[in-house]
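The two complexes that follow have chain A in common; it is paired with chain B in the first and with chain C in the second.
Up next is the complex of A and B:
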């Protein structure tokens, strides 16, 4: 019934679970949106993650605003559908459609530019207002290779992230530091949530639900 | 914004967003501005519900309406024909990937004071009370002719050139009675009035084919509706435009279109001027270049039940042919529900609309309102229908017409394609949409 072009699938959908052939395990598909000021390196992060490339003079985003990449986490294949802002963030003109159905977001700032960190906080608030309540948000301090010109302290960002329940890493699209890692962590975090939600739905009795939740919480706690 | 653009587009209604997308895809440098802080203009879906009530000066909704954020209420009711122009535009431009659609469950037509389902297959047609047994046979012969006829192949014409005969003559040839004519012209060919009877039959044939091809795609009705409301459509095309380099500014007042030697050369907002070669806009940005040619009434009805006698359909369209209620133009009723993410759980939104014919537009839609059962909240919008006073070639200001009372987007798309052709001198080339857009599958 859903009518869409291309095999890419369902950007607005909730997590999909399919039994994968051969490779075993399940496949989860998620919509991930990028946010942050212009020129902090949103597109560069994605380009590094999806294609392993970096261009020093990356043009403002044109043409490729919808990329996909898969990650394998133990028995789960995570397929990210990554939405770039296509420049619509510049004059605060992002459409509500952009946030719609997103299960994850990376809010990017530039470690050499304090303003972009301030703006990142505004984007986080925006997400909390517009996006679904259980969205996983990661904060990325990009351009970590320029840390000698740093204007945003690592501890400051870390403290802010912890206070607001965000995943956090300093990344460099240029040197690839922490790029795969941040996507990996997001993937694990969503899959964890997903397993939890599906698991709760499967449990029939109140008691088994309680047992299940406490088991998950216990395992998450000790993995940290 | 102090730059030079190929085109500046004003207003983010659906027509302007499609145009903006097509222009950007064609390599034009586009600046797209809206004075509102939201996308969609008249095509927006209003959210949260409090905002809708405020808009009409009503006291805030009580808690029975659920969470205000769960509502996305359209101001202009329309459905997409599954095989229509808008779906083609959506698919060819790749904008479908941002949207999700549901098929509308049923289409009904009003006859003799009650509504009957428009049959979607032979079984339903045989059981239908829309026409008698012998009439059904004549109608079937007519439909078979419509299916088989090729406009350019005289062997399929059965001695009746569809290009020169009128629809009335075509009906007469098959001996179809007035009731069936009403049904065919209004519920299948989706004409708004009876002027089509004297136009070449080929147009009616095309429209019936569009209906049946659309029906063939999903089976239940020929219509589709996007999740989260029609306001998603302009957003999708705006994103297309942005992806191809279009610049977006919301919440930006437009004070003036700057004219030099009779041609538009830019727009002014406060002290800023953005220069351009062309302006594309909706009528509200150029009040001195448009004329009023009619009025449309639309009534939004919030209900906690589906429309009666529709088998509890979660989405429906009902057409009230003009003759049935002694009018010159049809009345349309459409209904969507919480299953489309446009209302809180358990709620339904019905819309009754028509072209205004008298000084009492609200009285005109009564036959439609009477079909709905109890309505919790009603909002009435009577809006003027505007057309541009010229074709824009001289001034290079290309103005779209207001949205008409039709139930679907065919006229919307025709206006867009026509404006694009006037503005650029060529038809839109779909092959310019790069397929690597997104590079979905590696």
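Up next is the complex of A and C:
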């Protein structure tokens, strides 16, 4: 069931486990929030991901748009509850309403605009300080199709992302490059994390917990 | 060897289980094998036969059916497309049945169970009369179960390994199902049940036991039954069959599953149907020359089956073996006892379901320890196997379709503006604007202005939203009234710049998005809401002071009370009191009758702008303006930090005087100035009819104002006591001469 009723009837995207269909394994429901300076393409990324569309003149978001989209991973179906927030500075103070309780965030900047990259960094800092400690943060350098007007170097952003443990991709909502991919990667990494957390919780003894964690670490290492 | 308990391997893929957080996951491919066959993770099987889940777009649009039925919709949709993502695979199913007449297993069973070259994929093995003792009948407890299980396990085909899925026994009827180890991870939903149809129609000496499960994407059910005995009792047997069908129920599923709810059913057992209406001698002769056909015409089961009285929809293979009953134990000779029972094909195997082909149907005369011969049937059964790649693709398509629909059915509204701008707002003068919420989506919308994180209210105190929640049907709209009104509670914060006429409202659509509505306006500062200090320090009307300076002064005052002010009391207080002194001393009901709103506005303008013209207003409006002026300040005349001492020592005049002496000069002056005025007013009580207690109560509440919000948390009783103490405090200063206190300044 796509349960959306938090205590206040607000979508809360708790990592719900649901009964899966045949062969499809689990269904997890996650809350994902998009943050970033206005006009960097947050709504466009969501529109591309959810509806496969792109509008050259996307209206400015005044509020927080809500959409859902399902991704089928290896053996898990991930349902994202996506909150696309307003980028304008005057709405900054309202952002915590949306990133609080989120399992994932995409912080978006515009590769042609250095200021938006700076703003993205402040968002990352804010998330690291105030969001859930397990939140998966992805950094998206959008408008990658305009690389001839680039003002943020790929390596600079990559280095920053690595330093801060963020997933990172340059994306283009216009040409669809890396749009599905970034959501996919977020989904995989959340599921991995989630499995880890749940797994640890169900281990009763210290020893089994230790065994379990070492097994996970081993398998992750092996996969790389 | 005493420990004859078979060493069953329990496949509990705990490692995988843990890895996928399995305890919370229903879909994981794990099969639990348990001794009593009672558990596993079987809810999944519902997915293929949910009968009544359909997409009711209309109902969803009307809001009657919420989309969250999503999971069942997915299941239904997937079941409709099953052919697209499954392929068939043939499995060899071995079904065996034997009435062992209470004998222990003293011989190997491999001649029965492993007589074929090719190992079966699935074994369904049933026994009857496993134990004929009273204990077994009364307590359903027998050592034979273990003995026979051990014998069975040792006699399974040795070419491959098997896992036991479940064993179920009712008195003498026992059924066990085994699958090849390679298939075990694809088995789910194991469940068992028993039905007694014996004595009283309930006891377990006759009846049936069943095991059901899913293998790959196919549901299977094995039933082992021992039906009523005696030649003439064929109708009883038919009845037993019907009872087993109707009463066997796998209740772990919702709704519970019956035998009929399976793709494939294998029914085995001692069905006890006999050969009748023919001379047993003749029968034996025909059988000796293996001419079975004429004899089969007299078989009760075949007759009843053809009449559709029993086993409707089931098939049975052609019988090409000698009757399996009744023999002298240890031999292949017909019963030579006194009863001299006629031969009968008591032991049978039937099946139901498509894609099942019987390969063999035979008896095993070499097994001689019972008066029955065991029977076995081998089938080539096709099961549906999920093609994971195709399944995922189709599953994803279904999901996408649902996402699209879900997003389409999200609540959608348009608001006519997200910026509500008010013109210049003045103290006590409300303004309203309308906001239109139009439902442009396909579902009814529940909207609500919600609190922002950590806020206690959904909007600032100077704003009022009507209605702040409601619902709008598709195509309809709702007008929202936003009223801004600055009164005595909010004026001081706006004056000092602590608050602004600026608020962002969060309009939330239940189950959908949020819209931000920004409310702005500019506030025209007034002496109402200014601090006494500020008013006492400016010599010109408030409106003549630049806003920045006014805010600075308020900030200064907040830091430290000023020692010396330009005026001993604020001029605005003096203007109002002077007016009352001149025109109102003899007015009845002064301070009790309320003023006119229009005159209050006029007085406000007169004070704020300064005017050469004399004020002309009713004394009642002036009196109310004075109270309002004293009530609108950030700090009351007697500051909040004196609040509790004042009420604590309200009965003691000397202590009250000491408190007044400790007050800053300005507030002490204002306090005493007003008290002296009130004394003067009360001295005319013959004319104005004022009562000292009323005045003391009224001004007690104003001088010793309760801190904000403290009033909400108190019950009316304590509030009454508090109000009485405040009146007491003020009372002292209305009846005693205060000139010595004034002299201090």
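The working rule: the second predicted complex is superposed on the first by the 198 of 224 C-alpha atoms of A that agree within 3 Å, B and C clash if a C-alpha of one lies under 4 Å from a C-alpha of the other, contacts with A are read in each partner's own complex, and residues count from 1 in each chain.
The working rule: a contact is a pair of C-beta atoms (placed from the backbone, for glycine too) under 8 Å apart; a residue touches a chain by one contact, two chains touch by 3 or more.
Given the structure is predicted, the values throughout are model-derived calculations rather than measurements.
Participant: For A:53, select first, second, both or neither according to whether it touches chain B, chain C, the two together, or no partner.
Facilitator: A:53 sits against neither chain B nor chain C.
Participant: Would you check which partner chain A:214 touches, where first means chain B only, second means chain C only, and both and neither mean what they say?
Facilitator: The answer is neither, since A:214 touches no partner chain.
Participant: State whether A:128 touches chain B only (first), chain C only (second), both chains, or neither.
Facilitator: It touches nothing on chain B or chain C.
Participant: Answer with first, second, both or neither: which of chain B and chain C does A:175 touch in the superposed model?
Facilitator: In the superposition, A:175 contacts neither chain B nor chain C.
Participant: For chain A, which side has the bigger count of touched residues, chain B or chain C?
Facilitator: Answer, by number of touched residues of chain A: C.
Participant: With the two complexes superposed on chain A, say which partner A:77 touches: chain B (first), chain C (second), both, or neither.
Facilitator: In the superposition, A:77 contacts chain C only.
Participant: Could you tell me if A:92 is touching chain B, chain C, both of them or neither one (first, second, both, neither)?
Facilitator: After superposing on A, A:92 lies in contact with chain B but is clear of chain C.
Participant: Just checking: does A:68 make contact with chain B only, chain C only, both, or neither of them? Give me first, second, both or neither.
Facilitator: A:68 contacts both chain B and chain C.
Participant: Check whether A:151 is in contact with chain B, with chain C, with both or with neither, and answer first, second, both or neither.
Facilitator: Neither partner.
Participant: Can you give me the overlap between the chain B contact set and the chain C contact set on chain A?
Facilitator: Residues 1-4, 8, 10-11, 62-69, 86, 90-91, 93, 96-97, 100 of chain A touch both chain B and chain C.
Participant: Within their complex, state which residues of chain B touch chain A.
Facilitator: Touching chain A from chain B are residues 39, 47, 82, 87, 90-91, 94-103, 218, 224, 227-228, 232, 235-236, 238-239, 242-245, 247-252, 434, 436-442.
Participant: Residues of chain A touching chain C in their complex?
Facilitator: Chain A reaches chain C through residues 1-4, 8-11, 17-27, 50-51, 62-70, 72, 75, 77, 86, 90-91, 93-94, 96-97, 100, 194-195, 198-199, 202-203, 212, 215-216, 219.
Participant: Residue numbers of chain A touching chain B in their complex, please.
Facilitator: Per the touch definition, chain A meets chain B at residues 1-8, 10-13, 61-69, 86-88, 90-93, 95-98, 100.
Participant: For the complex, which residues does chain C have touching chain A?
Facilitator: 15, 18-21, 23-28, 43-44, 47-48, 67-71, 74-75, 78, 217, 386, 388, 391-392, 395-396, 399-400, 402-404, 406-407, 410, 418, 450, 452-453, 504, 506-508, 510-516, 518
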